[in-house]
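Two complexes come next, and they have one chain in common, subunit A, joined by subunit B in the first and subunit C in the second.
== the complex of A and B ==
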């Protein structure tokens, strides 16, 4: 069997997730390159290809011209994987959706606004069907490797479906609410080992909502600790504006 | 003479999107342009209305490659605006963390983005077969830099513990001691790195320009000091707009800059040229081995200057860890009271000087932001280099000319994904590259 062809594509984003795919031990890279052919990866490679077994797509859709490009990738790829929060849920790019588009255009482009092509931020699954997701801002490289390995073994990769709190407790962290601060851990999908809380901060919700998030429980938690819903919603907006829009 | 038509759409092995266009007819250049069509992301607009605690977190996302630089500049601007003083311990930890980004970014660029051109391949991936030891060394050095950032800030891409006023969590002294040993060991890898890059034949091309970088009397500056120009001496950070003088060109969503001449350079070579004397002795030895002397006017040698800075950053990190372990690490309170105000933060991102300028209200809510990114400051210099280079190589084949231009762009290590997230970009239909600043910008 020939090696599966893997390609990486970037849309509107910071390209940090692509870069973190290279944050692996050298020997692991050697093993990976024995198992797959990386046929396109513009950020670090000049090679190009016409079809792919696995296409990783990083970044959100924020321009009309990005839509046909994304559709073409979908046509050429057997499997499309959203890489990182921008592709998965819009990421911080979605914050611009709180501005009226013409207001945003005017702030940035002034009298040439009409010459510029910008649309409200969308995650890629608002444009094409997506097979799998590697969540996070940035991605967890270990999770990416697990997903690739499972695909190579013919398994169906799955994401954890419990909130970050579960992993946070396992990491032995003091609950952020106990420290008098807000946290999005109770409604955010696990899989990051609660890295932000472990490093002294709170969960920002970058991995998106867990399935059927218990929003009432989150409100109860806020009430118990005397924190405001507005404050948590402000934090929630940073990554999950598109998610909320889709649920409306 | 025949004609040449080069159109490189989205140059590969750079971060972000840029195009090279060259058309010649009968030996005359009809069109030669470095174009930057990157999708803007409205960072200035989305930072407005955010609390200072969220601002560096969002600003970090301007760029995944230099997220520590954006976070640090954002924090420094915030602290300057809100009147927050930080401790010596925080300053030392920030310098150490910043070295992690310099090391990771320079190793990535020198080995993975620039070196394939010299070895005649399209990327680092085929080198795994032909030059396995070189690739493993690069990955080892990259991992070490990531590990250093992980110990200090939880991770390298979008650091977590780094925040306004200090660190949310202090590193474990045992981890610091262990990574110090690893850094000492890595010096052997850097010796081999110097040897490898000294063996490459960098294109021979020179164009004198103005160099701009931070300068600090105490050390080779990355996150402190004043703005220094090779033409006009130093200026306070608050004068950054007078130094950068942004202007617009029609073929770019990014703004261009100029100061005393028609263009200036920022980045590793600008720092090397301005601050050579403050390099660690081992880094000076590396420069000598690489044939690099300050001032150097060959932009292709930016990559060599990055190798020199990597040696310096490694030695500097070892000294910083010794100092931190000697002092002992102490928990420190974070600021609770803030004042309204405006402030500028500047750092030397791997690709050059980066400015964030914020205004906050009395509740610590951001009301105005402006960011000037290093690659934007280099766009105009890249254009001027191309204009100087092309006439001297027109006798070569189209492929060789294209290769020389791509290598020139890559030498600057442009980080275009972040270079356009600045704002109030307007287009002027009648302006062309190099024109005087346009009023509507």
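== the complex of A and C ==
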């Protein structure tokens, strides 16, 4: 069997997820390169290919010109995988959607605003069908590798559908709320091993919400811990503007 | 570890009891039986590893017991004991699978060794063979007794810690971010024995969040190698409620299918307890009986200020004390202080259960549909925090993690649990415990009912960790238990005398007219009845009514006609007692009294769309006829219908016209036999069981309904089992003295079951649990 052809693409994002992919430690990276053929990866090479078995797409869609480019990738790829929070749920780029578009252009480009066009931020699955997701900001590279391995084995990759709390307890952490602070762990999809809480911070919700989040209960909890309704919404806004809009 | 149960069968009490005592002493669980019949009964319902059986027993002999066991429970190892040896019986015993043949009298240690060897010969997948490794070298110091209390100096704890830390990982309570956690203790000063509760339970070091079960080889020659964690550990400073939780997990993981991963860790872990003298505000351990313990530890400390009291719980614990501390006999003052401190701690619990915990299983069972589950769980985040901090939760999931070269993998077990949305979801997408309320209720039922019933130990030790961890503040088991108990109390109050609406006609029969009376045989008649008020009976096939003859009394009579034949109903009745004699004397047009219908009737729902094997013996046809008619009237809803009927003689055949119709009916396969024929009979002769072997059935889609005299059941069941039918696929209707019909008088009770309520129709599976049934 020939090695599957893999390509990486980026849209509106910081390219941190691709950078993290390149940072996969020594042996695992060699193994990965042995298992797949990387045919496009702008960060490391300039080659182009006509078709791919797997296309990883990083970044969200924020300009009209990005739409046909993304559609073309979909046409050429057997499998499209959203790489990171921007592609998956729009990510921090979604914060723009709380403003009028010309207002956003004004703030960023000031007097040159007229030279640019912008549209409300969308995750890539708002434009094309997406097969699988590697969530997170940035991605968890162990999860990326797991998904690649499962595809190579012919297994359907699945994301955990429990909140970060599960992995946070398994990591032996003390609950952020018990320490008097607040956290989005109870409604955010696990798979990160609660890395932020383990490192002493709280969960920002970068992996998106679980399938059936109890947002009302979470808002009650956050309010009980002293947050105003506005502050509660701010918490959700950072990563989940696009995904929580429907739930407002 | 007592994980094997031995069944001792001997009719001599002295032999039976002394063997029982020896083996119990040796650490085995022992059950005894006086006769072969009793032994087989027990073997069928309980799990035994070894059978010790006497040859000469009243009734079934030892060899007959061996034969039955070889057929039914071939995995049980049998040892024959006898005072009357012969080479014939010895050979026969061997042939029937006995592992040994021992002459009476014999020495206790001989039998013990024999059983040890026998069990050692059980293949390794059945038992776990892990070497018990002492953590320290055998001590030279003089021996200290087990289960005794001593006083030691506080400084002795340091030398004990240092001694242990030299050869094992010591895990104990220490401070992290202002809370207590169990973690590796690197210096004695880190150890905080005076804590209220830790965020996570110490049992996490026996069933860790993630552990590798197997290393796997992928590809054409797959392989699997178990991975066991043998590293020596000490859990230093475990509170009694956490010790109780470990005892529960021991029961879960070390009995039935002994779990090698848990057991290896457990055998390499010392447990050093410490009394909880300052309980956490969320704890209700005293209500769960888990605030103190006398078992489950190697050592247990109580800090009494001036000294530390220590109780030895095992040989290993006693060795450690001897090696690293200087023990003293406690003074009266020290003993009194320990008691005062323990008593004072009990007073400190702020939460308590307001109902005896033994009552919880029943209360929960009665409140399965309580609105509490729905209301309380509305705010559930399904975040799993309650189960992730719980010391008595032990559910898990298993996943493969593959290497990038795709040649190897590890199979990893990690925590999972019933509060998480996908816990009961299967590959097809169906979720068998859907919705927050169902999950919430399941957790509380586990804590208050299921675990207690399954393992005989409380499913919640009252540590209160879930209460602290739950953000919407809904997880408290004690609150759930108390609320349900309050609801039960409120219901009882509503039932107060004066507030109850009686059922006025509970015992008053309704008049019904005999519209037709027809003789069936010498002693049997069929009566067609109609209620005087024109109402229909509204029964299910297989139900019964109470027939009343004013001045004589009432008798339970099964209904012989199907509800599909509307307007009237039929009772076929044998003249055997006062009521039936009076009935037989009545003519068409007379009025009798009817109460009912009562009982459950045949389980139509589980018979529909199946192939049916309907078997009636003698007047068993009377109740079964209601089902036969029902099936024929709704023929499209059933598969193949095979009908077997047996009578003692041609003269005792009843409903003969109907029998001929069934014989003619192309939709029914009808077979009939009589025990004894006569000159006019040219059909089958022989008991009804002789009809069964000749019938080809598809066991997977067949249900059998059997009605007849008790003696017939035994033999028919035997034949049906040979056909491959499971106990759930065989339903029987039982006859009992159903005097009141409404579950009160007690005449029809079988063990805890009222036949007039839960019966008269039972599956064989249900009857297996009713020792007094067949």
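Brief remarks follow.
Everything below uses one rule, namely that the second predicted complex is superposed on the first by the 227 of 248 C-alpha atoms of A that agree within 3 Å, B and C clash if a C-alpha of one lies under 4 Å from a C-alpha of the other, contacts with A are read in each partner's own complex, and residues count from 1 in each chain.
Following the convention adopted for this analysis, a residue touches a chain if its C-beta (ideal position, glycine included) is under 8 Å from a C-beta of that chain, and two chains touch if they have at least 3 such contacts.
Computed from a predicted model, the values in this text were never measured in an experiment.
Superposition of the two structures on subunit A shows subunit C fitting alongside subunit B with no clash.
Once chain A of one complex is fitted onto chain A of the other, the partner contacts of A:177 are limited to subunit C, with no touch recorded for subunit B. Contacts of A:165 after superposition on the shared chain: subunit C is touched, whereas subunit B is not. By the touch criterion stated above, A:62 is placed in contact with subunit B alone, subunit C being left untouched. Applying the stated contact rule after C-alpha superposition, one finds that A:22 touches subunit B and leaves subunit C untouched. Once the two complexes are laid over each other on the shared chain, residue contacts for A:13 go to subunit B alone; subunit C is not touched. Legend: residue contacts after superposition of the two complexes on their common chain; A:95 is shown touching subunit B, with no touch to subunit C. One of subunit B and subunit C touches more residues of subunit A, and that partner is B. The vertex angle at subunit A, taken between the C-alpha centres of subunit B and subunit C once both structures are aligned on chain A, is 140 degrees to the nearest 10. Across the superposed structures, the minimum distance from subunit B to subunit C, using CA atoms, reads 10 Å. Residues common to the contacts of subunit A with subunit B and with subunit C across the two structures: none. Across the interface of their complex, subunit A is touched by residues 176-179, 181, 183, 199-200, 204, 209-210, 378-385, 388-389, 401-406, 414-415, 420-422, 436, 468-469, 471-472 of subunit C.
Those residues of subunit A whose C-beta lies close enough to touch subunit C in the complex are 28, 31-32, 34-35, 145-146, 149-150, 152-153, 161-163, 165-166, 169-172, 174-175, 177-179, 185-187, 210-214, 216-218, 220-221. Residues 10-20, 22-27, 29-30, 33, 38, 41-47, 62-63, 66, 91-93, 95-96, 98-99, 104, 107-112, 115, 118, 137-138, 195-196, 198-201, 204, 234-235, 238 of subunit A touch subunit B in their complex. Every residue of subunit B that touches subunit A in the complex is listed here, in rising order: 10, 12-16, 39-42, 44-46, 51, 54, 57-58, 61-65, 67, 108, 112-113, 116, 122-125, 128, 132, 135-140, 142-143, 146, 153-158, 160-161, 163, 167-169, 417-418, 423-427, 440.
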